[in-house]
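The two complexes that follow have chain A in common; it is paired with chain B in the first and with chain C in the second.
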Partner chain A sequence: MRAEAISPRRGHDVIQLLIGGIASGCIYGLVALGFVLIYKATEGVNFAQGDMMMLGAFIALGCVNSGYLGLAFLPGVLLAAAVMGGIGYGIDRLVVRRIFGQPQFALVILTIALGFVLRFVAGTIWGYTPLVLETPYAGQAVRIGGVIIGVEDIITILVTAGLTLLLWLFFARTRIGLAAQAASQNQLAAYIVGIPVRRVNSLIWGLSGAVATVAGVLYASKGAIDPNIGLLGIKAFAAAVIGGFGSLPGALLGGILIGVVEPLAARYLPGGFSQMSPYILMLIVLVTRPAGLFSQIQAKKV
Partner chain B sequence: MRVTFKTSYDRDIDLHESWRQRGWIALLLAIMAALPFLVGEYYLAEATNTLIWALAGMGLMVLVGHTGQVSLGHAAFLAIGAYTDAALMNAGVPFLVSFPLAGLAAGLFGALVAIPAVRMSGIYLAIATLALFVIVEELVIILEPVTGGIGGIQAPSIMIFGMEFDRYLALDRFYWLCLAVVALVTWGYANLLRSPTGRSFLAVRDSEISARALGVNVTRTRALAFGLSSGVTGLAGALMGHYIGFFNYELFSIFISINLLLVVTIGGLGFIQGAFFGAILITAVPQIISILRDTGSNWGVDLGTIPGLDTAIFAVILIGFIIYEPAGLYGRWLKIRAWFELFPLARRDMFRRQKTYLKTERMR
Partner chain C sequence: MESVLEVRNVETYYGAIMALRGVSLDVKAGRIVTILGANGAGKTTLMKTVSGLMDPEKGQIRFLGQRIDGLDPDRIVNMGLAHVPEGREVFPYLTVAENLRLGAYTRKGGGIAEDIDLVYAYFPILKERRGQVAGTLSGGQQQMLAIGRGLMARPRLMLLDEPSLGLSPLLTQEIFAIIARLNEEQGVTMLLVEQNAHIALQTAHEGYVLELGRIVMAGTSEELQASEDIQEFYLGRQGETQRAQKRWKRRKTWR
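For the complex of A and B:
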């Protein structure tokens, strides 16, 4: 590449692409965090996480938009997160707990089916036409040295970073977080030391519902939402796999990688490759490092 | 209760326990073969569809039911089979050559993918197959000269030795063709399961560690199962292409993969019969729903205005089966049969599921 061919304008374009990519990558990362939460605590994968994000976005819309409850933005979102937390807890308490102790892939199929049900519920309540969440920062932008950055992008990045830190502290420092890790590493041993494994699992499902709501609200602030945005979950999977399932910073990094690669591929590669790029990236990582970038698999010493 | 008196060790691995069973199967085949004379065009088309789904279901059953690997991307292999067959036939290759080639192409692709994929366990494999599906879908759009891109492709009508097997002009012959393929594959599948290869599939499913200890090459076995599975699914895809006639990439959506998974889980994991039960269910439920819609509108309840109801009903059925009857329809049938055979002696706990405590996969 010739250096003089890059005009300053074009350099700005790339930076703008990168920042937009990081912001959308943060959303993938947040959904991936939801997967990782449940995986870390229950060793199961919730394939309905994308649909939980979708439902969270719609509940927030129901709380905030003037046509519905019309609450102020922040209390409305907090209420939605609380409601989604309850729904997550309920899903585990009423459905997932019934297949407790069965092979993992039963949970895979169960959560896929749950995703369809959630999509149907959202479609019946809010309809299938795209809706827009009313945010106080919609359409505002900041200009830093010739680069225009949307406020929603900045908020997305900051919120994601904060939430990841909080979740990491939760798992590393709090009693419930440690109990959840213990429950996933060895259920029987966790029972023996007195951890209420089932209740901890339900709590984690609730927590992941709340995280999904935050992801949904951030997603909704970048565009319209409809019941099919849950399919974003597939990309978030790729993010979680790239980072290594079970690693919180890994999930975030995987999400950002995908978010950055996608717009770059759309710009510099022939059409069609940008949709494929996250998965190609994921397959490359899987082939070269089957356990992801932040490997969680450790050989046990006997 | 019937007891079979075995006079030689070979009878332990016989395909059928008694002549009685063989008689039942012959009767079933005869009825199936006579179906075009018994039912109308509409039901015959539905029966053909069911057979194709059963074939695809058997393909996935090898993988999920008998080797214990979950694939969420089997629609990709259906697509490869359908496109290979249609593209070859459009290039002038006769059906008798292009059909096995379609299966071979899907199978080879599956085995190729399997080499890295089999190193992954459970969930990683499921997600990798999902990614594979998305990649194949995009490739179909990109490879427009062969696949017709977004516009789609026409599967030409089948000619074998001057006889036409078209889905619309000669539905009864197309039905017999599908029946013959399904019967052959079922026979091969049942025989595979009593061969050392089939037994090693089961060993890998039940415990990878003990399979390895018994001298089974786990990686090769899993790759072989993946290749076989995608090959059979590719055959089903080729037939599906002919059944639909004109198709594009949208025919092989992610929902097809999930429906296939539904077929094997609801039908009964680990039983060949399960694939058939599941296929019957998956083709019958949309019909039942449409009948319900009609009766509902007669009673003044308009179900037709609720979009996405079909998928939601499918999902609820699936959840119900996973929670209450993980052994599927065929498992339920086995339980009912055992209850009658043992009549006063059957106990509830005979089919109690073994619960296991989970241990992390992350520390081995």
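For the complex of A and C:
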């Protein structure tokens, strides 16, 4: 009798854990997507991706919260994504483009510095005490057959799925999306067929800023934000590496994998493993599948 | 006869290395003009300078009467100049059809589907493989795709950089036959770089000889074929100058 009563509840527990994990994984995945977008366009890693997510979250907060602009939630978030898109475009146009052709580490240093700047800007405008984004679905939960799921988790998963579909449509179906793919596959040929490669690269930076904003809003709907939440970018970086760093679906799957493993490790393994699990996963993938990892990039060079 | 392309005293550098040392040449409408030259003579550099991939330090380039030196490549393609680069630069993960469509990227208006059919008419194998990703085509097929992609821009002038690179002698004959047909039937003016001087001079109407970044000889194909220097250095040693495929694609370092 007792065992029967407990086991379904434990089952529910795990399902709840899994859904929560998938939802946080979606956020890692979206930030990882930003890494990969920029990597494919410019063959450099934007280490400020997490901070772009942070800034996007704060801009959305500035648009939506009653103490600030106080717009309705959805228009406010869309405006924030557009603003952040413009900031991403501008960062590439005004800063990154100047070091075009410099060695890779120049971009690494530049984007790390950029991350500091973004943190400083956010801290100056919004302060360093945690703030809460006012969402219309805060604290709500639904109950499906005994499993309690936070509405923000459901929204996170649905929005991520929708955004992924939109991105896929953009790259596969639009002229500019095809041009972006072409530019990332063969830059010389892209120039030759008349694609304005640099403008396309700036657009990709803008797109990655907008995606980061969506990730930031989803993150902020689960808890308070402060200028240091961009550190999540390190986990997202691990997600991108796990996914192969060249593939958009890979980045998302890597993120979800990390998101799911973290709470499971917290629950079933000794303390500390949970925090390390993204990097342990990354190392395992790096060691066991080094060829599969960068396979697309290597194939490109042959 | 109307000049499609006028190059005047062009100097182009790679850092401190001077690759073009004052090159001048003319390409008249409807002609096939070839540039002969040993490895490292600067032929590819000249093509890149004309198509805007590299900017000349000195000199002028006019295309259809307008200055194009220093313009970005997308502007120059837009004016009707297509560059088919050395070494099969296709988009490896896009299909044959997508590659062709990208060739028409700067074009406005319709007729793109018709032109894809035209390319398929010249290169039937591409039609067969239209859904295949370009990276899995054979080298010769990729070269055909690169030429077809250049045609999709409906160019007034086409720059062809070593279209026979790594192709079998038979396929080389085939490609050059198609180049001659395109020139006759579609009226496309061509500037052609080729290691195989024999076939280049058979196909072209006139030619230039480039050595160490300078034009050292110019004339009609007949004149060049009759020249003793050409016979000795370019026609006589034809077998040796044909190189094996040795390209290692360098990305992003050329700019």
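Please note the rule applied: the second predicted complex is superposed on the first by the 285 of 302 C-alpha atoms of A that agree within 3 Å, B and C clash if a C-alpha of one lies under 4 Å from a C-alpha of the other, contacts with A are read in each partner's own complex, and residues count from 1 in each chain.
Everything that follows uses one rule, which is that contacts are C-beta pairs under 8 Å (C-beta built on N, C-alpha and C of every residue); 3 or more make two chains touch, one makes a residue touch a chain.
None of the values given here were measured: they were computed from a predicted structure.
Trainee: If we overlay the two complexes on their shared chain A, which of chain B and chain C does A:Glu43 touch? Say first, second, both or neither.
Mentor: Both chain B and chain C are touched by A:Glu43.
Trainee: Once chain A of both complexes is superposed, is A:Gln104 in touch with chain B (first), chain C (second), both, or neither?
Mentor: Only chain B is touched by A:Gln104; chain C is not.
Trainee: Return first, second, both or neither, reflecting whether A:Pro196 touches chain B, chain C, both chains, or no partner chain.
Mentor: After superposing on A, A:Pro196 lies in contact with chain C but is clear of chain B.
Trainee: Is A:Phe120 touching the first partner chain B, the second partner chain C, both, or neither of them?
Mentor: After superposing on A, A:Phe120 lies in contact with chain B but is clear of chain C.
Trainee: Touch test for A:Leu178: chain B only (first), chain C only (second), both, or neither?
Mentor: A:Leu178 sits against chain C, while chain B stays out of touch.
Trainee: Kindly classify A:Asn186 by the partners it touches after superposition: chain B alone (first), chain C alone (second), both, or neither?
Mentor: In the superposition, A:Asn186 contacts both chain B and chain C.
Trainee: When the two structures are overlaid on chain A, which partner does A:Tyr128 contact: first (chain B), second (chain C), both, or neither?
Mentor: A:Tyr128: touches chain B, not chain C.
Trainee: For A:Val241 in the superposed arrangement: first (chain B), second (chain C), both or neither?
Mentor: First partner only, chain B.
Trainee: Counting residues of chain A in contact, which comes out ahead: chain B or chain C?
Mentor: B
Trainee: Could you give the residue numbers on chain A that contact chain B in one complex and chain C in the other?
Mentor: 43, 100-101, 185-188, 191, 296, 299-300
Trainee: Using the touch definition up top, name the residues of chain B that touch chain A in the complex.
Mentor: Within the complex, chain B contacts chain A at residues 64, 70, 72, 116, 119-120, 122-124, 126-128, 130-132, 134-135, 138-139, 141-142, 254, 258, 261, 265, 306-309, 311-312, 314-316, 318-319, 322-323, 326, 353, 355-364.
Trainee: In their shared complex, at which residues does chain C touch chain A?
Mentor: Checking each residue of chain C against chain A gives 51-53, 72-74, 77-78, 82-83, 85, 89-94, 98, 101-103, 105-106, 135, 149, 153, 249, 251-255.
Trainee: So in the complex, which bits of chain A are touching chain B?
Mentor: 42-43, 45, 95, 98-106, 108-110, 112-117, 119-120, 123-124, 128, 184-188, 191, 231, 234, 237-238, 241, 245-246, 271-273, 275-276, 278-280, 282-283, 286-287, 290, 296-300
Trainee: Taking the touch rule as given, give the residues of chain A at its contact with chain C in the complex, in rising order.
Mentor: Against chain C, chain A makes touches at 43, 100-101, 175, 178-179, 181-182, 185-196, 296, 299-301.
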